[in-house]
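Chain IDs A, B and C follow the sequence of writing; residue 1 opens each chain.
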Amino acid sequence: MSEFLSMSGYGKYLWPAFALGFGIIVLNFIMAVNSLARAKSEAKRRLEMSS
Amino acid sequence: MNWTWFHRLASPPHVYRFARRWTPWFGGGAALCMLVALYGGLVLAPEDYQQKDAFRMVYVHAPTAWLSMMVYTTMAVAAAVGLIWRMKVAHAAAAACAPVGAWFTVAALGTGMLWGKPMWGAYWVWDPRLTAELVLLFLYFGYMGLRAGIEDPGKADKASAVLAIVGVINIPIIKYSVEWWNSLHQTPTVMKMGKPTMDTAMLWPLLLMFLAFALYFATVLLIRLRAELLRRERNASWVREVLS
Amino acid sequence: MKTGALEVGRLIMERDLRLAFRKPSQLLQPLLFFMIVATLFPLTLTPELSRLRDAAPGVLWIGALLSSLLALEFLFRDDAQDGTLEQFALSGQSLTWMLFAKTCTHWLLTGLPLALSAPIAAVGLGVPGEAMWSMVASLALGGFALSLVGAITAGLTLGARRGGVLLSLLTLPLAVPILVFGADATQRAIMGDAIAPPMYLLGAIAVLGLTLAPLAAAAAVRIGLE
């Protein structure tokens, strides 16, 4: 297991790289979902105000 | 040739419902492919002769870099479609692409820096490909800045579309810079005509990861596109129906 | 009877030149800015000419770029404000051609004088005399390409809030190739090497810009005028 983590000594570059890449993936997904949720609630509010 | 499918693409409610229906499938597919590809790349693939285990960073760096360019191209194509056929949905799609593409560019630059340090000894070198990728990030910022700076939404759509199209010239520069100039960055190994020079056990997780990232981009794009369409369609009746 | 294209171009150039010379101070400002920027580097880096010579290409080209960004403000602004651009768009003549004429005049008034006066700044940066003509040629050609690219971004930012900052933000990425090859040409000139390779590339960019930039600029201006 520790061999896996150390990745022939490159672990301290490799794991941050994966964390960065997949962190951004998770972040973007969350931001997209938030943006949709906000758009939905704004649209609901507008519809209620105009009706 | 039946063009109904194309005309349907111009209809916001149709696109919205399509996006809502297909997002879970694209998302699930992306997650599955990512997990399998990660296992294949981090565990199954043998270590590289020269780079040892460091080469495994390709499984995160190459897809993010490829996607940073693919998203820009998609954005430019959507912008062109919006300009030529005056499709609001196309402009909305272009707007939805921009933040995603910018983040992928950041990821590509960041993972590239972390790979460059052990391999080249430096976090950053001013070689043509890296410089052009940095320029790509500035182009994304410029696109988003121009959109934000123009009040009228129709004008903002069209002006940013022109900018996106003008900036497309940067994409072939990024892609071919390693062939045109002697540079530190690795020359093409996967997309070469003919046989790729990578070992099969190393190659399949990479190809699967490309697919995973493409599915992921489709997922996020469809979600953001839905948000864009809702924001643009003020009081249309389909919005009422779709939200209930 | 419709006016011929060459006639239209000539009229526009004459008009712009005449208007520009009514306010000569406006013409001098970008030049002065360039000189000041070129002076700041020796003051902040080092007074040693031999070390300044290494930095000279970068200093000259960054100064030229920043100065041209300033000058780009008045490519379309006055004409947009007083309705002339709208008249151009409605005139039935090719807006692309008219904007190209304006861009060429703009380069004659800003880029070319900058290139010709660059030796003054270059002397202070340790650039040897033999390199001067090559440097001027590269700055002139690069300046022309910059004006072309700037016409696009100036057109795009016509109606935008805080257009000045946005103009710089949009122009800089597109100007990177011009900067890279131009600085390379100047560097080679200082070293005494042949400047042909980067000059050809600069020329290619200028030709590409010549054919495509006015089209994009016209599209941008039309969008802004809607």
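The rule is short, and it goes like this: contacts are C-beta pairs under 8 Å (C-beta built on N, C-alpha and C of every residue); 3 or more make two chains touch, one makes a residue touch a chain.
Remember, it's a predicted structure, so these values are computed and weren't measured experimentally.
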Requested in this report: By the contact definition above, name the pair with the higher C-beta contact count: B-C or A-B.
Outcome: A-B
**Report entry** Chain nearest the overall Cα centroid
**Finding:** B
Report summary line: Outermost chain relative to chain A, judged by CA means, is C
Query raised in the report: Between chain A and chain C, what's the gap in Å when you average each chain's C-alpha atoms?
Result: 42
**Report entry** Inter-centroid spacing, chain C versus chain B (mean Cα positions, whole Å)
**Finding:** 33
Requested in this report: Between chain A and chain B, tell me the centre distance in angstrom, where each centre is the average of that chain's C-alpha atoms.
Outcome: 15
Query - Partner chain B, residues of chain A touching it in the complex - result: 4, 7-11, 13-14, 16-18, 20-22, 24-25, 27-29, 31-33, 35-36, 38-40, 42-44, 46-47, 50
**Report entry** Contacting residues of chain B [partner chain A, same complex]
**Finding:** 42-43, 47, 52-54, 56-57, 60-61, 64, 99-100, 103-104, 106-107, 110-111, 114-115, 117-118, 216, 219-220, 223-224, 226-228, 230-231, 233-235, 239-240, 243
Requested in this report: Over in the complex, which chain B residues touch chain C? Could you list them?
Outcome: 131, 135, 138-139, 141-142, 145-146, 149-152, 154-155, 158-159, 162-163, 165-167, 170, 173
Query raised in the report: Once bound in the complex, which stretches of chain C touch chain B?
Result: 152-153, 156-157, 159-163, 166, 169-170, 172-174, 176-177, 180, 216, 219-220, 223-224, 226
